[in-house]
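Each structure below is given as structure tokens.
Two complexes are shown next, each including subunit A; its partner changes from subunit B in the first to subunit C in the second.
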Partner chain A sequence: MSSTTAPATQLADATGPAPVLSARHISKRFGGVQALDDVSLDLIPGEVHCLAGENGCGKSTLIKMISGAERPDSGEIEVDGIVHTRMNTTSAIQSGIQVIYQDFSLFGNLTVAENIVLTSAVAAKRKLYRVKDAREKAQAIVDELQLDLDLNADVENLSVADRQLTAICRALVSDARVIIMDEPTTALTHSEVEHLFTVVERLRARGVALVFVSHKLQEVLAISQRLTIMRSGRVVISGPSADFDRRSIARHMTGSDVEESRRVPDFDQTATPALEVRGLTLPGAFRDVSFQVGKGEILGVTGLLGSGRTELAESVFGVLPAKSGTIAIDGKPVRVRNIQDAVAAGIGYVPEDRLTQGLFLEKPIADNIIAASFNEHRNRWKLLDRKRIWGTITHFFDQLKIHAPHPNRAVRTLSGGNAQRVVLAKWLATDPKVLILNGPTVGVDVGSKAQILDLLRIQAERGMAVVIISDDVNELVACCHRVLVVAHGQITHELVADQVTEDSIQESMAV
Partner chain B sequence: MKTEQAQPQAAENSLAAMNNRIGRVVTEAVGRTLRDRGVSRMLIALVVAFGFFAIMRPRIFLGPINLQNIMVAAPEVGVIAIAMMLAMLTGGIDLSLVSIANLSAVTMSTLFTAMAASNPAFGESMTVPIILIGLVVGAACGLLNGLLISLVGITPILATLATMQILNGLAVVWTGGKTLYGAPAALTTFGKTAIGPVPMLFIVFVLVAIVIATVVRSTALGRKLELQGANPVAARFSGIPSRSVLISSYTIGGLLAGLAGVLFLCRNPTASADYGASYVLLVIVIAVLGGTNPNGGFATVAGVVLATLTLQVVASGFTALRLSPYQYSIAQGVILVVVMILDTIQWSRPKWRKRGVTTDSASLQTTQVGTIKKDKEQE
Partner chain C sequence: MQLLRKFRGANNEGSLALILLVVVLGMSLLNPVFFSVNTAFSILRAATVPMILALAVLLVIISGGIDVSFPVVAIGSAYTAVTICLKTGFDPGLPAIFGMAIVIGGLLGLVNGFVIAKFRLPTLIVTLGTQGIFFGAMLVYVGTRYYPTLPDSMAALSAVNVVELTTSAGRAYLHVLVLLSIAIALIIWAVLKYTMFGRSLYAIGGDAEGARRAGIRVVRTQLWIYVLVGMVAAIGGVAYVVMSRSANPQDLVGGELDIIAAVVLGGASIFGGRGSVLGTVLGVLLIQVINNSLLLVGVPSAWLRAAVGLLLILGVGAQAVSARRSAQRIHTVDTGEAVRLELEKVS
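Presenting the complex of A and B:
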């Protein structure tokens, strides 16, 4: 075990204000896996405590213990001096512990005000519901946090950022003193993240203890006062955030130094481009967009949410067919009227929303890998060739190092990084000429992220044209030959070779 | 194991090698089928039900007439249940199947009567075309369902409810609500024929089951059906042509219902608009008992076949015990609820126990992965 000092650092900080919640010596086993091994955590009012670690390190399990969704094998949780050996979800909420999950668990068909108030009304077993009371209560919270939220809007029409704010307000209505946020920034743009951080500051001023579970190292450092890093079910290190930098966090998370520097493979710039887009227009989303991607080139596309970058990718892939303009693959014009046209032309698309658009969660990994290439695995009687299918599955299962006991496992059981590799495998199995990836490393841990980018470099070296649409500036710098910046449905900047730096991308996005 | 040891010696003898390969494919297919929960639990249910009635009324229940009756009555319900399974596999449902079957039977009976009126021999000689027309009527109705669901975008339950009403109404108006008598004698004879103790009707049922199982497991269409049912959005993003997949699924379902209409005529040379009214919901019960997930994405033909037989065994057992059809309908409901409860109990068991079980059943294929890996290393 590499972390011998962990418990010592943990206890050394007990001199400050009394923690609102302390988890002590929590252990939990799932079958043969020790998910948590003697983990302790103190949450102090007014502090943001960041919980970092790779997928499967046990941070989600720890949160489940604290929120009462699972119960520990041993250990205890103390809230306000009351010791619980096991929590259930109701007692956790009554103790003021609120978890905001990635999907926010909101009701899309209800208004913001209703979403904010209803759950606490239900928890208090109130039989009647008065619109006026509810509004007043919701308004009070929104005013206190100085938010610009339309209380009458239906939640399904809100942006991701506003939904998150709604979830935060809901937590506060139930008088939350501990708010745990799971990956709060992954779906937000740069400016939205900054707004969230100002809200977080106000929450701190209110004396709320916050827990951020995050993969994004930069944000971890920017927002948190205290940092706990977990690996393989144990706390590796815990201490004030000021003591860490990005490098050291990555090292503690992975247990080794992670290569994050820019590394782009060479490609033949004179060859016919694999993908050439001319004058592509989709009214309301983007207009007159032209660009090309060479064989073996990795092209980055970035821009704020709503800039039209996702719609652009979906047009090329046939989800939202463009109204005008041309698309050519290997110099030959193709008509993309629907997704089947795009797939037939040799375009693959790793969608933004992995869980609903990319994966068949209840189906085995094997079925997911083969999902886009059934037609290529038929024998002369038009029946599926089981042996060849199994060969393809095991090939990608091994090549992409999908970490699972067996390809027969349901994808639902996989972590973010592994699930993304399954989506990637699905498209590699079709042997595409152009692979478009929308947010390839969203919700993926640092180690997996580096491996996924490496996989993309390898595919590029083999002659595939790769398009990465991403918010993550590091990732673009790490592997893109060229970066296009999209704003208001048009390409505003093109950064080539040495121009691709974090600063230049940030700068051109800000305009 | 034996087949594998025998392999080197059989290498020279191609026939033996062929046998060997077929043997292995069958063993693998049977193993895969038994690993499915729907199949194994219905196998147990079938054995339990059969054992129970065999002990209660051995004289009547185990008599050759009763066993034959089970095998003669099961096919028509079973074929419709398989059609229902196909619809449910895509996450839909098809309420119109029985109406389609009746319309097909009514069409065939009317055609035959018209042809045989002038010249009975001519009517008989047209048996095969008449059957084909019956099947085409079924497929056409299924196609209509498919178009309404995929192109127009009506929810399956509403679209097929509408076609159920329309087709049933058509049949009633056409027949004037009366029962039609008349079917080619060849069909009736076929319905009474048996190979040894096994009636031809049952053999047809088994053949249909094998064909549909092959379609589901071993064709691109079948796997796409499954994925379409498991997650329509992801299916779309994987380039699976949802529309044509749905149309195919409902058309095949309609074709099977048309075949069920033929089976109706094989059992009795009569056709009416309201035959088998109780089948509409019964086939849903059968499909779900057979392990079909009503939300789509998961189903096995073997499970549905076993569920059909189980319910048929219970039905004839109730007759043997002199219980009424109403008591049988209570039993159907109870069986469904009990199986669903058993299901939830299994789901909420501690995870590790379930894991242990799956690892066991998966170990066979794990060794396969191992060998493939080795092969690669050698390259």
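Presenting the complex of A and C:
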């Protein structure tokens, strides 16, 4: 497989099964941007086709074309021999194309059974609704996929993984033959991802063609049979997954080699630790947790979802104040009863879900950057000092390489990587002694990820203590001096220096 | 525990029923006169119009919107229908008067729905605006006169009772329009539970964007909601005019918050997606029982409004607290030791 750019069509092997869907020569312009340029894609029944590429490479736009949410300027989509020059959402669903968005588009206030059945009932233009029919139909699908889902539960009470399974069931009820999943593994932990993959195998056995849009290279390689990489609106390369490895995928995605190897800056191990936690306990979440982070140290914390790692971080930051235990900053004990206490003590926290917890989406980037540091930007009359604010904003724009036309743009318009940099800038502006980051590169592309990790290394070199909570083993290995593994609300392993490898982390997480 | 949760119901209907029962029993102990068929009938009678209006509002609230123009729509359609009959001196009979009011109410609702769906404006703002417009237009074009006598067919209905009993406390009457409110409750219950339209309301209230992605025609459904609300409100308006035996264009207006309070007390979420007919019925009854019983116990009527306000905050507050509790339960660790600790704490 040569790495030529934009092969016009990559048809399936003549001997293989016919594609259920072929997108051919799709192009689309948004204003001055060529979002898609002559893109073609074939989906084969029973295959997982992974669509990879950095944020803004056009993969979401391509999916919108296939699902009928947007119309292409030119090109056609053929489903089962029927050629559509454009789809609309209804005709896409009728053709058996289902998209599972990152937010799943489920109704939290309705039961699992109803969520599974509703879309197909709407599509069938049904007028009446029967609870019993819905339950039976949903049960059939759940049984077929051998899932353990409570059909009567309200979806808002489900875990992310169960919501995703509900969305998959919903797609199947509508006789989906093409299921497109946007970042399906982002919010899942290892065991949940494994479970998802067994479900995916069952879907393949049914002859469903799947499309995975993903940033996680490891999982891409594990699950997909075919891989298409896009960059700047074009298909860079497409072929069997077996032909790729992590390095080559990253290279095709970014167009250059990405430095991913382990690189940890030195730090003074003898100095007083920046953060010291002793016997921290929060009933129901974690108990008797003790650890410390040195000045300039990058500490990784990992564990399954529900292991208590997020609660631990939130306790240190005062979101869920701990019931007992002590926290000391620079050797001085501090009381953290709420977020204000934590911020005053010099702790910063980049939350797991930056969209809802870390950013004011409708507000300008500039306002977001200084949102946590108003006190640092006051003049002597306690009023905001515009000049200093502007200084801070331009400083972080340059330092963090935030790509945006202007600081006055709403954060909503930014890609995942850039939005994450804004959250980071917000906390760096408070000049914290300890910065805790929960999933700092979730939903961020490879290139941005490397840059964000570099930024953290730089902050550590300047003496900041950095705590990274992450599922991404690779990222932990790349930049953490030490890694703590949390399970059942307790630290079960501590991996130091050379012990920090992908294998050792995964081994100690296996329960 | 499971049984208890089931009894509590999806929207706290069980707790509400329990509170209602406690209030009734408590009042009966305080004042034995309260516990009588007469009181029951008069509460049902007083609850009739609020019930119909509350059921109308329930539809909008489930869909995630709010309508504050419904009292004006209700009295406006009924008053207009009565005015037409009286001015022309022609009494077309009850079904036609109801029909006329329903058409007017539906049209007014269409105005609401059109503006909201077409221009995607906040429902509160739009209905606040149309409330004023409808009210002003009625006073200018229909009239401001108070009609002490109704067309014959309506006046006749005013005096019809389904049950008449003689009890120790005197004669007790159950007005025929109570049946109307029960019928409307049943119809709306069936619509919400057994039709795709009803389920769409919950879906739209839960997540409008998700509903659109699921193929539900959100704009058209919204339009229908407001038309329907207008129509049901008009029925409530006619019922009100019949029961008060006179037509006054200033009546009902300003009472919207009490009705919305009853619906919210009945477990409907002001953010949409949640609510039930049973809860709304209980919410309306509870407010009526409290109104009635406080008077009987001798509490000054000025305290009635305070009582309703207090009830609302307590009721909604209790729900919010229990929701936060269950959210916290999800938040905590779901494996091994921690669960055991949690369980020990609970038991």
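As a working rule, the second predicted complex is superposed on the first by the 497 of 511 C-alpha atoms of A that agree within 3 Å, B and C clash if a C-alpha of one lies under 4 Å from a C-alpha of the other, contacts with A are read in each partner's own complex, and residues count from 1 in each chain.
In this section, contacts are C-beta pairs under 8 Å (C-beta built on N, C-alpha and C of every residue); 3 or more make two chains touch, one makes a residue touch a chain.
Values in this document were obtained by computation on a predicted structure and should not be read as measured data.
A.B. asks: Is A:Thr89 in contact with subunit B, with subunit C, with both, or with neither (first, second, both, neither)?
C.D. replies: Touch partner of A:Thr89: subunit C, not subunit B.
A.B. asks: Touching A:Phe286, do we find subunit B (first), subunit C (second), both, or neither?
C.D. replies: Second partner only.
A.B. asks: I'd like to know which partner A:Gly391 touches here: subunit B for first, subunit C for second, both or neither.
C.D. replies: The first partner, subunit B, only.
A.B. asks: Look at A:Leu361 in the shared chain and tell me whether it touches subunit B only, subunit C only, both, or neither; answer first, second, both or neither.
C.D. replies: first
A.B. asks: Kindly classify A:Gly308 by the partners it touches after superposition: subunit B alone (first), subunit C alone (second), both, or neither?
C.D. replies: Once the two structures are laid over each other on A, A:Gly308 reaches subunit C alone.
A.B. asks: Identify the partner contact of A:Ala222: answer first if only subunit B is touched, second if only subunit C is, both if each is, neither if none is.
C.D. replies: neither
A.B. asks: Looking at A:Ala271, would you say it contacts subunit B, subunit C, both, or neither? Reply first, second, both or neither.
C.D. replies: neither
A.B. asks: Share the list of subunit A residues that count as touching for subunit B in one structure and for subunit C in the other.
C.D. replies: Residues common to the subunit A contacts of subunit C and of subunit B do not exist here, since the sets are disjoint.
A.B. asks: Taking the touch rule as given, give the residues of subunit C at its contact with subunit A in the complex, in rising order.
C.D. replies: Residues 193-200, 202-203, 205-207, 209-211, 213-216, 269, 273-274, 326, 330-338, 341-342, 345.
A.B. asks: Residue numbers of subunit A touching subunit B in their complex, please.
C.D. replies: 30-32, 319, 339-340, 342-344, 349, 351, 356-363, 367, 370-372, 374-375, 377-378, 382-384, 386, 390-391, 394, 397-398, 405-408, 426
A.B. asks: Residue numbers of subunit A touching subunit C in their complex, please.
C.D. replies: 89-90, 93, 101, 105-110, 114, 118-119, 121-123, 126-131, 157, 159, 283-286, 304, 306-308, 311, 320, 487-490
A.B. asks: For the complex, give me every residue of subunit B touching subunit A.
C.D. replies: Spelled out, the residues of subunit B in touch with subunit A are 214, 218-220, 223-224, 226-227, 230-231, 233-241, 297-298, 351-352, 355-356, 358-359, 362, 365-366, 368-369, 372-373, 376.
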